[in-house]
Amino acid sequence: MQISARNSFKGTVKSMTPGAVNTEVVIEVAPGLEITAVITKTSAEGLGVSVGGEVYAVVKASDVMVAVD
Amino acid sequence: MQISARNSFKGTVKSMTPGAVNTEVVIEVAPGLEITAVITKTSAEGLGVSVGGEVYAVVKASDVMVAVD
Amino acid sequence: MQISARNSFKGTVKSMTPGAVNTEVVIEVAPGLEITAVITKTSAEGLGVSVGGEVYAVVKASDVMVAVD
Amino acid sequence: MQISARNSFKGTVKSMTPGAVNTEVVIEVAPGLEITAVITKTSAEGLGVSVGGEVYAVVKASDVMVAVD
Amino acid sequence: MQISARNSFKGTVKSMTPGAVNTEVVIEVAPGLEITAVITKTSAEGLGVSVGGEVYAVVKASDVMVAVD
Amino acid sequence: MQISARNSFKGTVKSMTPGAVNTEVVIEVAPGLEITAVITKTSAEGLGVSVGGEVYAVVKASDVMVAVD
């Protein structure tokens, strides 16, 4: 399946913090570059996401902001 | 100002596509790794975003999804 | 690729309205039941989305609200 | 009150999973077709959402992605 | 209809900028305090939003970030 | 750092509800006018957000909806 979300970054799961509803997933997409996702615990379990596993972080372009110094 | 959005990636603006309301901004955050943002044209102009400039792509963790092959 | 977004609905593209940056895509997911998506024009073209084509409407659970009468 | 969110689907609450902050609400909008929402626990309680109740799942068009096989 | 979105601010439409797909709506919610929304042009027209009209700006809590100086 | 998010409201933190993953933060931005944010617990702690503290509620324009009576 190909999705319209413009941003997809391959990485390795560094840590997972499960709550009752959501799970926080920290993904290293390059050395020293991490992306944090919050997804439902049901999704994390359904996809078999686990520390050390290879995943993609996916973001819709309309959810990306731009900042300047 | 520090913001709660967990994900912030420094990069260089590669291209900008303005519309009547929104502007698409493509940011290279690492060699070969681009993030696309859609922000309002007013914001892009107000921040002085321009091709070649240094910016940050910022994403709230709850807007990041996880995918697996 | 499997994605953490919990909601995925198969349907047929009924109409597309392109702008300079975004394209509005109306998808019929059941008789009389339509979902409207706004994605970048680049994504719509890159995925080959066209009227009459079969697509999925995909939504992250944290973007779904609940209303009552 | 009428809202600009383009997508509104009437359905029946199938299950609720409360956490400390958020509650996951699974809504059946057609036979075999479910939408999952994550809203604050305070909202779920304030609206009186309960299993078996009739609700609407509401989604802003800019939060809908499109995928193809 | 009552919605789970936690944040709703009554105000007056100060300006509207229509594009092909989206319309930017600037709403004054208190003297000198404005909220900018980007909604589909179809929604803006369907709701009859016009400059000077009374509307509500509505935001889901998971879309609100926190910043500190 | 200046960010493209169009909406930023200064206020005082009224209450915080921490969960395992997320923390709900209620911010009073004007007398009787509150904004509720849900951010990760790690962000809330990292920014030093505490009840009584001065913060900004920040919202991207594409996450704001418009409603009419």
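Order of writing sets the chain letters: A, B, C, D, E and F. Residues in each chain are counted from 1.
One rule holds for everything that comes next: a residue touches a chain if its C-beta (ideal position, glycine included) is under 8 Å from a C-beta of that chain, and two chains touch if they have at least 3 such contacts.
None of these values were measured; they are calculated from a predicted model.
**Q** Tell me which chains count as touching both chain B and chain D.
**A** Chains in contact with chain B as well as chain D: A, C, E, F.
**Q** Looking at D-F and A-B, which pair shares more C-beta contacts?
**A** So, comparing the two chain pairs, more contacts are at A-B.
**Q** Over half of the interface residue numbers used by both chain A and chain F, so same, or under half, so different?
**A** different
**Q** Report, in degrees rounded to the nearest 5, the angle of the rotation taking chain C onto chain E when the C-alpha atoms are fitted.
**A** 120
**Q** When the C-alpha atoms of chain B and chain F are each averaged to a single point, how far apart are the two points in Å?
**A** Chain centres of chain B and chain F, defined by C-alpha means, are spaced 21 Å apart.
**Q** So the centre of each chain is just the mean of its C-alpha atoms; given that, what is the distance between chain E and chain F in Å?
**A** So the centre of chain E lies 17 Å away from the centre of chain F.
**Q** Can you check how far apart chain B and chain C are, centre to centre, with Cα atoms defining each centre and the answer in Å?
**A** 22
**Q** Mind pulling the chain A residues that touch 2 or more other chains?
**A** Residues 1-6, 19-22, 24, 36-40, 42-44, 47, 49, 56, 58, 60-63, 65-69.
**Q** State which pairs of chains touch, listing all of them.
**A** A-B, A-C, A-D, A-F, B-C, B-E, B-F, C-D, C-E, D-E, D-F, E-F
**Q** Could you pull out which chain D residues touch chain E in their complex?
**A** Spelled out, the residues of chain D in touch with chain E are 1-6, 37-40, 42-44, 47, 49, 56, 58, 60-62.
**Q** List the residues on chain E that touch chain F in their complex, please.
**A** 3, 5-9, 24-25, 27, 29-30, 33, 35-39, 43-44, 47-49, 53-69
**Q** Sort out for me which residues of chain C touch chain E in the complex.
**A** Against chain E, chain C makes touches at 17-24, 36, 38, 62-63, 65-69.
**Q** Please name which positions on chain A make contact with chain D in the complex.
**A** Within the complex, chain A touches chain D at residues 1-5, 19-22, 40, 42, 60, 62.
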